[in-house]
Every structure is written in C-alpha cells, then in structure tokens.
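Two complexes are shown next, each including chain A; its partner changes from chain B in the first to chain C in the second.
Presenting the complex of A and B:
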C-alpha cells in the first residue's frame, strides 16, 4: 500500500488518456487503408512511395503510442509497490488502475499497429 | 454383439448391475454415432466441390494452410486441456503468484503475439500468389440472376467465344479470370481450384486459376443474390492443353444441325416460339443475349446453372416451368405449349453438343 504520497492530478483521472493509444491505433488503421485505396486508384501500381508513406504513419503512430505507454506505466507506478490489484475506493487505486489499463492498451496498440502495417511490407502491391 | 446384449436384465439373485453390463456396452451409443457420422464427414472432404480435394495450385496452397492451422489448433487444444487436467486433477496445488504471473505473461501475451505474427506473415506472403496474373487464356465470367455468363478470350481474340454455366480451363497454365456482375453482388467460387472472389456490379474483379489435374468439378455462387441463389452453381472441366485446344475450337464453331424429324421440328418450334429473342444458338437466327448461350448446351455437364441434369426429361421440365425448378427464374414458362412441342424442343437442344 502507499509508501510515498503522490499528488493526484487531473490527468490521473482522465479516462481519455487511458484510451489514447487504441485511438491512435484506430486513426492509423483508417489512414493506412484510406491512403492505400486512394494511392492505388490515383497513382497506380508503383507502390514504393506508398510503402514509405504508410511506414511513416506507422513510425509516427508508434512514437505517440510509446509516449503514452511510458506515461501510463509511470502512472501505474508498479515498481513502487508492485501493486496490480486496484479495487479500493481511493485516489491511488483509481490512478493506478487507469495507468495499468492504459499501459496494457498501449502495448496491445503497439503490436496491432505493426500488424496493420505488415500487408504493406509483405504484399506491397495494389492487387 | 447384438444391441439386445447391452440391455440389462435383472433377475432374482442377479449380481450387481455393473457386472451384468457386458464389456463394450458402455461406449456403445457414442461409438455408434461416430461410426455413422465419420464416413459422412470424411466423404464430405472429397468430391467435385471440395477445398480439400484439390486440382489446382491455389487450392492446394489453401488446403495446406488449412491443415497446418488444424494441426496447430489440435496441438493447442491438447496442450490447454492437458494443462487444465494437470492443475485441476493430477497435481492440484497452489502456484506461487510470481510463477502464475510469468505463466500468464508468457502464455497469454508473448506466445499469442509471436504465433499471430508468424501466421500473419505466412498468410500475407502467400496471398499475392493467389492473384498472380494469368498467362494466355482469359475467361470473363458475369454473374446474372441466377446463372453465369462465360466468355472465353484466347490470346489475340477480338471477339469472345460465348458460353454459359460451365468453365473449361487448360491444365498446366494460369488462366486469368475477370469477374463482373449484372444486377446484384454474386461470388465466384470453384473450391477445387482456388479461393473465392466477389462479383460486383459496375466493377471488374480479377483472379487467376492454375489447374494441375484434368477433371470435372462443381462451383457455386457464394454470395446471397436472391430467390434462386442456392440454385446458382456451375460445372467446370479441366483438360490437358491439346484437348483444351480441340474443345475450344469446337466451342467456337456453330451449333450442330438437328438430326431426325423430332429434333428438326424442335428447332422450328424453338425459332417460332421466340426463344431466340433471349438465347443465342450460333449458326441459326437465334441471337438473343438475355439468357445463356445455348450453342453447345448439351456438351455441358448440367442444365440451368447446376440445377438439373443434362437429360431430355430435365429439359422438358425446365421449358415447361423454369420457376418451378428455380424460384424467380427470369425465363417465362411454356406450359401452355403442347407436350409434343416441348418434347421436340428438348430433343433439338439435347442434340446441341
């Protein structure tokens, strides 16, 4: 249980920060598919540029997700008390719960964004 | 052992029920069910319309994928159930939380991520081959309600060879298949040769097929398209290249002349009844393009897009009332004609090899 007091800031209560990483995953997904569709329609079969473009989206998305992941990890504050059950009605439990969930969602989103990009790398054609 | 042997007879002074039950009776009902069902299940894996009984390179790739996934699923199933058996029955004792957490991390996060990544890479690496460009013959297939319009475009052709409801392909080369649709979405699926591709109105989709063995197959529309969707099938033949060339030459030619008085009368009735307004028979005044081309109707393996066998009786049944065979069929019924007239038309059509 609490070993050192942490000040509970508004951002520690913010649900949107917890779901920020999956939101980036969703935006990346739509952007990658839309770009591919438009590219294949307007530019045609030469997909080298498309591969770079979507890879660029991926790098940007992963950087953002990683940033949220780290900040969620800090909010979870696991190393401090190795606490992974947060069922109390306290500020600390809420803060660490949101951090814990947000961190795991960020890990999932990180992997998912790579999976979304794999078709561009492995197929690399409009067919 | 007769089934009656399994019935337990209780007579005065009999030993316990258990010892009365003959050995082998305990598993009987289940084994009987399995014995009945297994041949049916296994038989379903073969045949002219099976993705597991393949005659084309793309279908072979898909069935390989299926068997690998199946084997993986079986191994996983055994491992998971074995693990449950182990921790609940064989050696139930509490596990230190540290181990439990590691197990969850390794088995629930790392393992699925790695396996999914591997499967995804593998799947993505074989996907483009399924759409490899064809070399040589192009076949243009249009989904209609509820039949398939088929045009062959051999290399250099300026006009297609028109046919319907049957796809014939040469073994050993990759044929390009272009897919269109008339009114609604259909899907073109010939499981023995390749995966399926949708046919979408206003769009030309493409796929290709590389038959590896000669044979006869069945395909099916795989996207609900109205009343007779279930009756919208087609047959397919694959032939060695020389045989295919001979077939294509014959298919390009005009229809056979009627043989005999009955067929001759049938031909006249066909023209007189206006069938030619919807159907074409090359070499005759019949030039309609609304319905299937009938030039070489009788050389096909089935009638009315897989709905009926190619026999005279079936032709009579079809002409009398198509909608009785295929609900909603877009061909009028001719049951007002004299049975002799219909019989004659059937005889004529039966001769269109």
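Presenting the complex of A and C:
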C-alpha cells in the first residue's frame, strides 16, 4: 500500500514511551492514595480540600495522558493507510504497532484515572 | 524501504553510543538477500557442521547428566518438580476435605489442619504456580524464538536447584509436625508470637525460592528482548513472548516487596526488632501491605502465563492468526499495570479510610477491562477461524468458562460493602479457586497436551485427556460451586471443624465428594503424562501451528535449532515457505560451532538486528554447589545456627565467583566471527549490548523495588503513628551519616573513573581506582553503621527502621565491593583488558544503583527524621 514516507526516529523504537501512559496512571494512583492516607491521618475529617487536591492531580495526569495519546495516535498514523494489523517486517509496521498499542494503552489509562478519582468525588469521607 | 533492502549493516547502525564508547558492531549484509537465502548448501559441509554442533550441545553422559544446563533439561526437571509439589499440596487439600466432610470430625487435629491449609496455599502459590510459569517458559521460550538456549543457562540451573532444595525443606517440615500454621499470608502478630520454627521455615524457605524466581524472571526478560532471531521485530514476537515479558517485569516489581517484608519479619523473629509490634511503635498492617503488594499482582503473574498458553493454542485450533494481536498486547500490558492497584482489596476489613478503600475498589473494577479484552480476542479468533476442537482447545474452553465465573464473583468481592460480608468466608475460597483453576490449572494442562509433542516428541492420549478433562471439570464444579453458598451461610475459612445443624453439613459433604472427582481427573492426567508411550511421532507439526517451535527436530537434538532463521512474519511456518527445510539444512545463521563453544545470537531489543554472538555457559557442578550453599545460608538461620549460615554464604559467593570467572565474558580467540549469510558479528561486547549488562540492570531494578518498600515502611510508620519518630527519641549521628554519604559518592566516582581509565589503557590507575573504590565503599558502609551504633533497635520501631536501612545498605555494599575486587583481580590476571571490559561495565552499573541506595539511606537516617 503506498504510504507517505516518514522518517524513523529513535522515539519510534522506544518501548518505554509505549507504556508512558499507564506509568502516569500508576504515579497518579500512588499520589492519590498517599495524599488521602496522610490527609486523613494528619489533617482530619474535612475532605473538601482533599477532593480539590486529588482532582488537581487528575487534571494534570489526564492532560499528560492525552498528550501521550495524541503523540501515539500520530505515530500509529492510522489515517494514512488505515492499517491496524502491523504484521510486516518493516520499520513502518513496527513504528505503527508501537503507536497503536501505546494509543490504546493511553485510552485505557485515561479511563482508569477517572476510575481512581471517583472515590474522592463520591465518598468524601475518611471514616 | 531502506530497512527491507539488503545492505551493509554498518551503514544502518542505530547505536547512539557507537561513537562515544567504541562499540564493536556487526559487519556485512543484513537482512540477507533472496539470493543468499536460495543459495545451495553443500551436504558434506552441512553434515560436518551438524556433527560439531551436536557434540557441543549434547548432554553430559551417565550420572553427569545432572550437571546439564540446557534449557530443555532444566525446563523438564523444573516443571516435573513443580508438578510433584502440586500433587503433594493437592493431597493436603484432600485430607482437609475429609476432615470437613462431616461436622465435629476428629480425623486430624486442629494443629495439623492449620499446618495443612498453610502449606496447601503456600505450596500451590510458591512451589507450583509461579515456578511452573518459569519452568514452562524456560522450556519453551527459546523454541518460540528460534534461539539455541536462554542467555544464562547456568542461572536457570542454579534457580532450579535452589527451588528444589527450598521446596523440599519447606514441605519436609510437615513430616516433623513443625510446619508453619499462620495461613499462606502469615499475618503478624499471630505469627511473630508463634514459639515454634514454623514461621521461620516459611519466611526463610520461601525467601530463598523468591530469589530463585527473580533469577528466572531476569533470565526470561533478557531472553525475550535480546535472544530473538534476526528479523523478529517486537511487532512480530509470538504473543507468548509478550506475556513472558510482561510477567517477568511484574515479578520484578511484585516479589521484592515481599522479600523486604520477609527481611523485616525475620529481624523481628530473630532479633526482636519490633516492626510489627504495636507496643513499641510497630504496626502489623505494614506486613499486610507488603504482602499484598506482592500477593495481588501475583495472582496475575499466575494468570497471564496461562493465558499466554491459551494464546498459542487458540490460533492453532482456529487455523488462523490471532484476531487483534495489538489488543492482546494492550490487555497484557494494561493488566500488568492495573494489577498493582488492587492490593488493598484484600484489606477492606482493616479499617482504612473509606476513600482509600474506594481507590482499590475502583482499580479492581477497572482491571476487568483489559482482562475482558483478551478473552474477547480469543472468542473473536475462534469465531473467525474454522475451529478444530482439538483436545487442548477443550481444556482452554473449560478454562474460559470457569475463569469467567471466578471473574464475576471477583467483581462482587471487589465492592467493599459486599466484601465486608463475605470476607474470610468460604465464598472467598470458592472465588479464588475459580480464578486459579480457570486461570491456571486448566490452561496449563491444555498447554501440556498441546506442547507435549514438542517436549517429548510423542503424543499424549486423546482419550485419557478427555476423561481427565470431564472428571476435573465436573469434579471442580461439584467441589467449589456449593462453597459459594456455604460461605454466604456464614462458614468461615480455615476452621478445622464445625458443629452439626447450622446448614453446612450437606454442602460440605458435596464439596468433599467433588474434591475426589477432581483428584481422579488430575491423576488420570498424571498417568497420561508419565506412562510409556512407545515410539516417537512421525510428523513434526501435529497441530499445523505457525510458530517457530514446530520446526523442532525428531528425534530431539540438544542444539535447539540447527541454524537460527531470519524471520519476517508472526507465523513463520505458515508464511515463510521453505523455512523449516532451510533451517534443517543449516542455511541460516550460526550453523556451525567451529570453536567448540555453545553460542547463540543476540539481537537488538526492538528491531532484532544482529549484534553479537554470545558464548553461553555449558554443563557444570558449580551451579549445583552454589545452590546448595545458598540453601545453607537460608536454612541454618531457621534454627538460629548463624556460624554455619555465614560459612555457607561465603562458600555460595565463592561458587558464583568461580562460575563467573571460568565461564562468562571469556576473552575470545578472535574479536569477531562469520556467522553465515554474509554477516560478521562481534564475539565480545561490553555495556548495554551485552546480555550480562541487561541481567545486572534488570536484577537491580528488582532490588530497587525492595529498597523502595523499606522506604515505604518508614513513611508508613510516620503516617500511621502520630509519634513517629517518638518525641524524645535519640537520633542517628549526623556527622557519621554525612561521612557515609561522601564516602559512597567517592567510591562510586572511583568506580566510574576506573571504567574510563581502563579503556584508555591506563591500567595502573584503573586498578588503583578499583581498589580505592572498594576501600571507600567499605568505609562508607562502616560509617553508616557507626551512625546508628548508639541506638537500640529493640527499644522502638524508629531505631529499628534506621538499623534496617543501614544493614540493607551495608549488605549491598559488600556485593559492590566483591564486584570491584573481581574486576581488580580480572585486570591483574588478564580476564579484564582495556577492550574486553564487560565486568567493569557491570560493576559500574551496580554502583549506580548502590549509590542511589546509599544516598537515600543517608537521607532517611540522617535528615528526614528531623523534618517529619
């Protein structure tokens, strides 16, 4: 299938970028958990501030994940040739594969971060 | 496209470090041209090559067979041993079921019952499920990757012997009636107060096995990323390899917290450091955290490899490539991550804040998404293909049914309010057995039916397999389905008996009957596994599968593959016509062993471009001795016999040094060699393209996780306790802490300089830097110990924590110093030369991590208490 030429860069060969989004999920998760644990132990039962704080983490995390998601979407380059299988032995297949997997992981992480934030919105109690 | 056109490989070198460090690179044509791949092969030459290869790779004869390190031997021993432990643990379960068959039974005592359920759980987890994954992967992974062997064969053998010794020790305790009794998660304070040796046997015996597990994980990760055949890019890897990679990484982050927990626990048991004693500021909940940070990912560590097996069976059954390869990669990686956010769902009843519980409840629900995705991908593949209901597929189908049921109850218990009702009842027992049987036992047995023709070159019986399946499947449901109800009716788990007439009698009797039906099914399978099966198979690829594995030789040859192929497809046997014939004829890479050495090709991590001919280690007894002495170092402390333990530890280190010195990073006879198809590869590299460097790097990542768990412990005490550090506590001596930090930094700088100086051929200075670095390291550790010397670790958890950090750092310093001295000796006796310096690179890498450990320790001991 004819495709426009794309230069293959070191970041297109990077497995760590593929898992950047779930790593952000993990950091967000730990931060939310640690903040809650400290807040409930040291600050007290009023969780309004905590809700704002964790929501702030969430906004930051989601922004980063979205940014990675977009860059992975570009790397996948789906609109170019509608390829979603990537089973060829070429740089392009590998690049688009990593982009595709990274993009889907970013989507999953985006949803998972919302899951993680729901307790502070819905429960709002240290009890 | 440039990369598909054969060219001089040096023109497309992608090594960013090539200019900086003078890296030896591949030369010649890559990828191979059509012409090269069609070139005729001289049968005479090929035969001579094959004879040489056979001689090099053959197992040692006679009783020396047990010194073999080939993945095909070690993998079989490993899996059969794990299966043996599984049968024993299953036997314990049958005795427990007999005890529970009728109310007020006195078949076995409460004490024995406690030992049995503890060892049933511990053995199934630590001696069966996790080692089985490693065993099967060691056995199969090289075949999937068309490699000759794993990158560190002796490490696999060492891991196996360590596992065998540790397993026999732990299981043997039952025969003497001194087995651990605290349940497979060993909660303190019950277990810290236990007067017997049971908890020590559990802690030390299993720590020993955990070390073996991490060794195997390192081996498998390096194997997956560096031992793929040329051309097998990351997007072409068999899905099995993806799962191995994910699970290996999970082991690396999940097991170390438990090792750190074991360390704290054993310090309390042996020396009365009060980590889990609330009277002196400790907190039993820390153990629960550390245990479950390990324990929950572990469930997925068990589950994903079995799904990996399913991912190999399903395409063969459907006779088409997997639908949604990317989706499966997504779900494997996604599950790997999310499974670390679940651990507190085992602790819903410990009184943590509701919001905290909410986080874990939410993550427990979120993990269903990726888990579900892979199941749907399997179903889609089956729907899109023309399914042959081969026997392995029957087991996989049973697995999917049972696992889905277990997953649904999982969603229920992940909701905190439901869990408060069902916690520690038989409902949970039913749930976990549904997930583990469906997620592990069924796919594993299906996998063994599928892979057996590869392993033994014979087929197992279809008829016995079906009998076994139906017995196990119906028996399992008869046994465990009623337990949901028994649990909801209020029967707690782990009780050795119960009164009549509370509505549990019939249900328990049904479960007991079912358990014997399961046992019958497993025994039919076991018989089928070991019974003599007559002559070898005729056909090589009985399932008509597409993976490289089925290019195996009948009868078996120990060389793994006759020549290492150039791969351009996910299913080479389906898509690359003639590949098997050409592999057999020796028409690909590395068809020969002129030097009489065991070799395999190392390729780059993402694109699998050839980088190196790695000389791998061969048969040896020293690995067995190393395992025996490591065993001694862990087993003697159980009985508080410290002097022999120290002797064993020294001997173990000696064995490992001897093995490294005599068989790894040997100076080659020539810096490069022709590997066929117009390609010349280096025979020695150091730094990031060497598999040994990756081994150190990955091991140290795991080590950092363990250290991070200790750091977590320090902050945990601070959040959980208003008086940490206690207001009037004595603190560590600031001057000594500062001295320690400076000495460590200097020791690290000296090591780093030694690498550079050695490269520049300033040998004398390099040696001085190594020796000086070792002296600085020792002094740094001594200073750190001196800083806490005045504190009494038994008085309160605060000084105990500082001591724990100091001891941890000091022990790691010993490792770093041994490595420096090894390099120094290497430099003196010609094992390390300016351009053959892999040990120095690895030592440097270790010291980077050591420096982080030392500085963080100094910070926590000297500075943080003042701030908290």
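In the analysis below, the second predicted complex is superposed on the first by the 126 of 127 C-alpha atoms of A that agree within 3 Å, B and C clash if a C-alpha of one lies under 4 Å from a C-alpha of the other, contacts with A are read in each partner's own complex, and residues count from 1 in each chain.
Here is the rule we go by: contacts are C-beta pairs under 8 Å (C-beta built on N, C-alpha and C of every residue); 3 or more make two chains touch, one makes a residue touch a chain.
Computed from a predicted model, the values in this text were never measured in an experiment.
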Problem set entry | First (chain B), second (chain C), both or neither touched by A:43 | neither
For this session: Please indicate which partner A:91 is in contact with in the superposed arrangement: first for chain B, second for chain C, both, or neither.
Result: second
For this session: With the two complexes superposed on chain A, say which partner A:9 touches: chain B (first), chain C (second), both, or neither.
Result: neither
Exercise. Is A:127 touching the first partner chain B, the second partner chain C, both, or neither of them?
Worked result: both
Problem set entry | Touched chain A residues, chain B compared with chain C | C
Exercise. What is the contact status of A:63 with respect to chain B (first) and chain C (second): first, second, both, or neither?
Worked result: neither
For this session: Identify the overlap between the chain B-contacting and the chain C-contacting residues of chain A.
Result: 111, 115, 118-119, 122-123, 125, 127
Problem set entry | Of chain C, residues touching chain A in the complex | 1-4, 14, 16, 231, 233-236, 321, 325-327, 329-330, 333-334, 337-338, 340-341, 352-359, 361-363, 365-366, 369-370, 567-570, 605-607, 715, 719-720, 722
Exercise. Considering the complex alone, what residue numbers of chain A touch chain C?
Worked result: 8, 10, 13-15, 18-19, 22-23, 25-26, 29, 32-34, 36-38, 40-42, 47, 50, 84-94, 97-98, 100-101, 104-105, 108-109, 111-112, 115-116, 118-120, 122-127
For this session: Can you check the complex and tell me which residues of chain B touch chain A?
Result: 109, 113, 116-117, 120-121, 124-125, 127-128, 131
Seminar exercise, completed: chain A contacts chain B in the complex at 107, 111, 114-115, 118-119, 122-123, 125, 127
